[in-house]
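As written, the chains take the letters A, B, C and D, and residue 1 is the first residue of each chain.
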Amino acid sequence: MSVLTRDIIVQFPDLTVRRSDRLLIAGPCSVESRDQLFRVAESVRESGFRFLRGGAFKPRTNPYSFQGLQEEGLKLLQAAAKEFDLKIVTEIVDASHLPMFMDTVDILQIGARNMANFHLLKQLAHASKPILLKRGFAATIEELLLAAEYLVSGGNQQVILCERGIRTFETATRATLDLSSVPIVKKISALPIIVDPSHATGRSDIVVPMALAGLVAGADGLMVEVHPNPPKALCDGLQSLTLEGFRELVAEINRLKPYLIKK
Amino acid sequence: MSVLTRDIIVQFPDLTVRRSDRLLIAGPCSVESRDQLFRVAESVRESGFRFLRGGAFKPRTNPYSFQGLQEEGLKLLQAAAKEFDLKIVTEIVDASHLPMFMDTVDILQIGARNMANFHLLKQLAHASKPILLKRGFAATIEELLLAAEYLVSGGNQQVILCERGIRTFETATRATLDLSSVPIVKKISALPIIVDPSHATGRSDIVVPMALAGLVAGADGLMVEVHPNPPKALCDGLQSLTLEGFRELVAEINRLKPYLIKK
Amino acid sequence: MSVLTRDIIVQFPDLTVRRSDRLLIAGPCSVESRDQLFRVAESVRESGFRFLRGGAFKPRTNPYSFQGLQEEGLKLLQAAAKEFDLKIVTEIVDASHLPMFMDTVDILQIGARNMANFHLLKQLAHASKPILLKRGFAATIEELLLAAEYLVSGGNQQVILCERGIRTFETATRATLDLSSVPIVKKISALPIIVDPSHATGRSDIVVPMALAGLVAGADGLMVEVHPNPPKALCDGLQSLTLEGFRELVAEINRLKPYLIKK
Amino acid sequence: MSVLTRDIIVQFPDLTVRRSDRLLIAGPCSVESRDQLFRVAESVRESGFRFLRGGAFKPRTNPYSFQGLQEEGLKLLQAAAKEFDLKIVTEIVDASHLPMFMDTVDILQIGARNMANFHLLKQLAHASKPILLKRGFAATIEELLLAAEYLVSGGNQQVILCERGIRTFETATRATLDLSSVPIVKKISALPIIVDPSHATGRSDIVVPMALAGLVAGADGLMVEVHPNPPKALCDGLQSLTLEGFRELVAEINRLKPYLIKK
């Protein structure tokens, strides 16, 4: 593992995110329109977060669900990133999209459903971009680390892990956020790990406490879903924070900072 | 639900624990000897924690495992509590033990394996003692609340819930600590809920971060296992903090307090 | 393990059930009325099955659900058994009920929720009655065998195990019937094991194929729920076969017999 | 759904497999050598099974595990199929391999890890080959059917589903074979479904009873792993039947046929 990843979560020519900073990523589940995306991007910028997420190519369980704006979505992300000086995080579902993503995206996301798509992992190992690798919802912590090993051993050491919940019998939440993975990964890997409380819980009313719990458990950052009008979202509205809810999260993180920094 | 339980977690003639205080319970998995118990009890007292746990009647998966000191264990708990001015929390496995427990114990614990032992719940509903009800490791949050309802509807409103992990496919931990249950319980119940990171994780090396994460998620307290010599423990040594580890946990809790208090 | 249990599933002065016979138990989830119970008992008798199940003391998740007719239920079971020359299988939830059950019941059932109620197991180990021990819905196969060991090592070797499904993420069924437990138990234990497809699946429309699959996997018998009018059942109506459905099951078992016998 | 799939599982110019025939697929986990593959293929042919499975491109959890013989593996499969007049079933992990597979393979297998790789599903929907779609080990039955819908709605109606176990807390088996999925799929879909007891159980000692249970539950066929020398297998040796074990399975299936045929 490179020394780089021990102190620095991710690095760009104009931006370095250290572990002490935490990596904070926010945005809508899907890019739906210029207005929707820009409103969220503005909020992200105001918060001090520097990373905008938004799905353009959406892997959906149901073939008849909204599949994302695709190339048009990438263009909107690029425009929003330029307008608000943000970095873009978005999911890549096939290696044939790499040329398009290399030009527009700052961090390539591998979704939970593709964590064990080893063919994709092998191909992305050659991309000179940081990769956010989400834990599969039926993957053990060991399997997550072995999936990361496909990337690292293939040549890409800029891997950021993401805990996003595992599938259990509990139905009160969409998945069960397994925060124990955070301190365990810290013990056996040099890779940074962030937490996605939005997909894990599937309910915006508990995203804030679970996000904060994740940081206190030792996570190097967060990824949260934010939408200006969650009930109208084309995807995952139930788990999206409103802009107001997002500001509350940011305020709580700032309140918690003195504790986190001294750590 | 009584107004009492909204602000106060548990109340005795000489001690009231409010939600802002948090309820902190520590002690060995099993009472093994006077020396073992007194060393832990002294540490608990020094920490400012006021509740000593220790198993006397142990429900063990394997009939050939150590089954606890039973009545002798209760007597040792009583002696330690007197010596260090602590309250006793210990598990009751059958209603026929009630007379013995009523004289010696301050909080009756219902273990995870008995959460759905509704016959026991009905009988303990008549006991005028606070009850710590642990979530069954295959119980949903709703089922935990319905189990509590057996106690509350039966007349005992002094119920404290305890999240202690659920059984999942992950093998890196003994169970998966489901911290999402904490904010969910807060939304739909007036009952206090604490977190047991020791049984949930089964590994002492991540007990501290998970305990702190639990508090930040909103838990009203903690229950942790502490043993003066974990490798020699007759039960659950892998998950027990040493006395030194316990002092570190207490230090971290104190460091986190400014954040928790303002909340 | 006694030699007895290797060839014989269960034995009474007037009835011996060998492994080659299979142990077939049927009846309503709860005893509700004389008419309900007698109609089912008559069907059971006609089928050639000799064991009638019916809950009198019901462990219910919700304290406000129907809790069973209790002693009155036991009396109705006794009357039906006498009228149709059947043996009675019913659940015991507390050892204090033993005297009452010793007089009326032929096989004591320990329910899934009490499989790890080791205090109850220790007390029932002294009862001179066969025991049907259901697998807890979060219990591993090893834990089921260790629970049985509480009975066997305590002196009661007449133990019959019952696979009734485990809790998983799948929601199309109430639990996931784990038929792999059947051949595994055969490999490592001399105890007989039967299958309860009614509680496992929670849906009567697949009880017949799952019952037959259980027998072909090697099960020593079945326990199925039957109700004369499932939509009106006070408990678990969705998973109960009608009398007609029960006759179909019996016909299929008879059709499968040539295959099973030669085995 | 086409009328075709209701009576016929899969059809080739020179071979039609009807539901009453059952679709029986056997072979090694990985193609390792000509000798290994030809010995298995000969056994398959002798048994009356007509479909040979064997992995050429292997998705492995660990990047340092054997990844398959790849193109060389496909060539060996083709040679064995020609020699013994068998059809080939093998896994495709990326759409870019399609041209190569179209020339050599008879049924394209989508592995459990790729069931929710919707990008791959969309591309295979255009292939004019039958597809064997394995259930993801964390997928619900509904999600399996929705994944199939990606293929069917995309134009490929020759889809065969495969139950191969789901991930649960039980550790005695590799996964938990969920045979309930078989009758449930029958009720809500016209697609055929087969059972893979080898991957589900992960232990060859219970493959035979679970295979037979699957057929009695209503499965349209089986896929089993067979290896001439399981302890030397490069992949999944523990779950592979020996040639002798495979002959026993075939004998049992033949013994069960009178029951299955009349069904």
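Throughout what follows, a residue touches a chain if its C-beta (ideal position, glycine included) is under 8 Å from a C-beta of that chain, and two chains touch if they have at least 3 such contacts.
None of the values given here were measured: they were computed from a predicted structure.
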Chain separated most widely from subunit B, comparing mean CA positions: D
CA centroid of subunit A to CA centroid of subunit D, Å: 35
Subunit A and subunit C: spacing of chain centres that average the CA atoms, whole Å: 49
Touching two or more other chains - residue numbers and ranges from subunit A: 138, 167-169, 171
Contact graph of the chains (line, ring, star, complete, other): complete
Subunit B - residues contacting subunit A, complex: 138, 140-142, 166, 168-173, 176-184, 187, 200-201, 205-206, 209-210, 212-218, 255-256, 258-259, 262
Contact set on subunit B toward subunit D in their complex: 167-169, 171
Contacting residues of subunit B [partner subunit C, same complex]: 57, 59-64, 93-96, 113-114, 116-120, 136-138, 143, 146-147, 149-150, 153-154, 167
